[in-house]
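Here's the structure, in structure tokens; my notes come after.
The letters A, B, C and D name the chains in turn, as written, and every chain counts its residues from 1.
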Amino acid sequence: MANNKITSIEEAIATHVRHGDVVALQNMATQAAPMAAVRELIRQDKRGLGVVVLVGGIAVDWLSFAGVMDRLIGAAVTMEQFGLCQRYRKAVEGGRVRVEELSETALNARLGAGARNLPYLPTRGLIGTDLIGQNPDNLRLVEDPFGGPAVVACRALVPDVALVHAHRVDAEGNVQYKPTTLWPDIGIFPKAARKVIVTAEEIVSSDILRRSPDRTVLPGFVVDAVVEVPYGAHPTSFFPEYRYDSDFHLAWAKASRDDAAAQEFFDRHVLGPTSHAEYLSAAEGAAMMSRLRGREGV
Amino acid sequence: MANNKITSIEEAIATHVRHGDVVALQNMATQAAPMAAVRELIRQDKRGLGVVVLVGGIAVDWLSFAGVMDRLIGAAVTMEQFGLCQRYRKAVEGGRVRVEELSETALNARLGAGARNLPYLPTRGLIGTDLIGQNPDNLRLVEDPFGGPAVVACRALVPDVALVHAHRVDAEGNVQYKPTTLWPDIGIFPKAARKVIVTAEEIVSSDILRRSPDRTVLPGFVVDAVVEVPYGAHPTSFFPEYRYDSDFHLAWAKASRDDAAAQEFFDRHVLGPTSHAEYLSAAEGAAMMSRLRGREGV
Amino acid sequence: MSGEAYQEARDYTVDELMISVLSNFFEDGDQACNGMASFLPVSAFMLARLTHAPGLVWLASATGLEPRPAKVPASTLESQLWSDSVMYMEQYGDFWNYAMNGRWLQKFCVGAAQLDMYGNANNSVIGADFHTPKVRLPGTAGLGDMGSLGKLLYYWNPNHSPRSLVEKVDFVSAAGYLGGGDEREDLGLAGGPQAVVTNLAVLDFEPESKRMRLRSAHRGVTMDDIRAATGFELVIPTDVPTTPAPTEEQVRLIREVIDPDGMRKREFGR
Amino acid sequence: MSGEAYQEARDYTVDELMISVLSNFFEDGDQACNGMASFLPVSAFMLARLTHAPGLVWLASATGLEPRPAKVPASTLESQLWSDSVMYMEQYGDFWNYAMNGRWLQKFCVGAAQLDMYGNANNSVIGADFHTPKVRLPGTAGLGDMGSLGKLLYYWNPNHSPRSLVEKVDFVSAAGYLGGGDEREDLGLAGGPQAVVTNLAVLDFEPESKRMRLRSAHRGVTMDDIRAATGFELVIPTDVPTTPAPTEEQVRLIREVIDPDGMRKREFGR
């Protein structure tokens, strides 16, 4: 019965992501970004990607610096306590990345409509802001046919690919999280997208998932590729496994303010390593891991 | 910090349900109906209730027979393998209960809009059926402002009260289910309603809930009353605790075809018992319980 | 499995035949889900997964993904059916993401109290007045959605009669081909009814007119039997084949593995 | 707690004062939730729960209900903040049911790069052209929703300056009172900005004109300091009180229990 979707990150990105695709990227500031997949997008030199994020972080900064993305659809981009994403800022301010800025309810409505094959879903958020007039292709104030208040119709958005990182996945793509808060994106990103690539800390047999079926959050039939990547979210956090890497974020935040330093950091951590293992050792793998687990205290 | 909402079923129904209210009733054919609350509605002789169900069962049959409800808003009413609800049928055919029939997506859209304070939510279901023209107050075909296909706008529905049965609840009303499939209604009924009454197999301390916070499905701040009622869903099932009571359903299905027999059954099981304990013994409490647990094999 | 397994069974009953026919509509890569009182569809899904479609994904009761039930239980909406699932799917928020999407769950086995010559279905009311009907039926439930959401609908009807197969439904609870021809298409609706599997025959819809058509007659059933049991004039091709019998292996699996308690028989002769 | 606990502290810093002021906006029966980089609001919620509002419901990072964090961690969007929660609330499907509903989560502490004289907020862009801005700000996130969903908004601003408090925002990312007067009401929007708590003063909005007004000045801050640090003309009443100092107990709780690591200090002097 098993439909085996296990592959390598290189293969998954090469097969399922085309130049110009709209890529929905799991991310919440310093949390839960599928960073192994993001680095592979950069190594394969994808071009002209549109990136959908709720709150983008270092992943968006890297994709902007590498020139992989030329547009962003999202609610915010920041590394929280590590500051704004300088390379993303420069790219936007220089006109190299175009931003479609949406509030959270508007982004959710666009993706929710995409998932449910509806032309649009409404929100009452954003009314009175400049963000509606700024985005006539996707946001329209419409009347309520029942005579109630007007709503903002948010046009359906169907990303070409969703990139998701999870704790556990089986060969068929059934995705499970350990008890923790669910990342906002899981609720809708992979359900709206045409294709889904899942990287996971661990690939397990379905029998493991059957022990807690209420914790399976994504059915395998929506998933196209499954890749095992321990620490696949580093340097972002992946609670309860490990927290964000402060030192790494600080180092990038510092380097990103200077072209040469940024390029050097990038060569060492993104372009240099030819595998995830090499990436981890470049980031002082073992030491880093224990440090992050230790400090998370789990 | 605790805001203690624990009360009795009599008090909960007397305080929070008024004549004429629209009551959202958790129910899925033979599953998970808050029957102790339903019997209390009948004992207190509430009048003119509107009942919202996804798929109503014996609860709707009883509420119709007792003359408690005069309208139904829902997708279906049936006792599945135990047949149609004869007393509900007679009440509708006799014009004593008025039906607003909605498909599942339309009912979900009406309640979803109610929960999110939106005037309506759209669906693409029902297009081409007679159910739209039948219900102009709540369903309207509207154009897509972006030039896509038309959708059915489903007007917001905000029930006055939601009746929910759960495995566990704490004094503040935080509701948790044991690993099982979540009843469809839990996803939206209590979130759309103005008030929520939770009956549960067990009232536990919050510390118990904190052991598996990912299994808490309803936050206490939406709940108004908490009542402990073991076997509170009998004769419907409450997996994994106990299954539906086939003998009881069959007995009612038979009795319900004859006025005198129906009244006799009703006097014995609904009007007669002055407490849930008396109800259980009338239903051969202990024997019934082991039978249902046994047959469920949990 | 020996070659004989593929031999047509001589000893089979109509419920087994209907299950075999329904199972053949589902293939690897499809996702199937069942509602309540659906013994034949559930048996058909289990049969397909045990034979030609091991990769058929099954969402039991629209909530238990890839379950491993011991057998068909007394209800197709109870926990024994979704035992040992790999996922419990939440309904309101999650199931409909997949069901409405259009890429998944594209085939549904559905039943209705009335089905008309253009595949329109009625599960709402018998009689002229919706609010004081002659008979109040259970209601449209999810059927009113599936009829409009571009799904491929496979109706099953264990009681082929002029009461269940009518010229025009009293009330349209689920869209079929409406008035026939391009009416459904013109409304922007994809998919629609594909077949009707009854205790007498297998029916489909004539591509142009969208009128219900006889595709095959079950063993021992005559044209006259079918005409007499149908409330309208079926499109009947010049030669009508006999419905292919289930294989011996299919019959064995249904009787011994899938439904040893014979729950499937409950659907007949109501 | 001794009577002295209620005595005004003499020894307190501006961050402790701002936390005290923010905490007083929240009462038993309210539900509060925090976003990222929100050290002052998180400290204020924890303080309120430890003092005057034990029944204040807190949804940490909009996902962890009634958590018991040991102290304020280095991020207000990390698991240490929602440790020992009674519920992990899913965001897309569930959180917004409550946040949009209108009965719950009615008060929000929010920050913005620019806030104007009518309480309109900008977190999007500095400069004239949205697509080639002088400065690309993080983005509106949930603020663009809360500004329109009838919430009561409490802005905090640790760096009161003509750059952050401007006459007119370059871009409206979140609705305040728009052009003032009844403009917001006329658009059918309830709620709106209630107060602005800065490192110099507490500001609110004049009921008729909806213009920002000085409510109280922090200890040792002069009218001239405030005028010089504000990019527009504030409504200034004839006599302006000094912002009430935190109590000794509040200061002790902030320093010893809530935020011993002083994370709250990070928000200042950026």
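Here is the rule we go by: a contact is a pair of C-beta atoms (placed from the backbone, for glycine too) under 8 Å apart; a residue touches a chain by one contact, two chains touch by 3 or more.
Quick caveat, the model's predicted, so the values are computed rather than measured.
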Mutual neighbours - chains that touch chain B and chain C alike: A, D
Pair sharing more residue contacts (C-beta pairs) when A-C is set against A-D: A-D
Computed distance of Cα centres, chain C from chain A, in Å: 41
Gap in Å, rounded to a whole number, between the CA centres of chain D and chain A: 29
Centroid distance [mean C-alpha coordinates] between chain D and chain C, Å: 58
Overlap residues in chain A, where contacts from two or more other chains coincide: 117-118, 123-124, 149, 179-180, 182, 187-188, 213-214
Touching two or more other chains - residue numbers and ranges from chain C: 64, 88-89, 93, 96, 100, 149
Chain contact graph, described as a line, ring, star, complete graph or other shape: complete
In the complex with chain B, residue positions of chain D that touch it: 31, 49, 54-55, 57, 59, 64-66, 84-89, 93, 96-98, 100-104, 149
Parts of chain B lying in touch with chain C, wherever the complex brings them together: 28-31, 55, 74-78, 80-81, 84, 88-89, 92-95, 98-99, 101-106, 108, 112, 123-131, 134, 149-150, 179-188, 237, 239-240, 243-244, 246, 296-297
Contact footprint of chain D on chain C as seen in their complex: 93-94
For the chain A and chain C complex, residues of the former touching the latter: 1, 3, 115-118, 170, 174, 187-188, 191, 194, 206, 209-210, 213-214, 216, 219-222
Residue ranges of chain A in contact with chain B within the complex: 117-124, 137-138, 140, 142, 144-146, 148-149, 151, 153, 155-156, 179-180, 182, 212-215
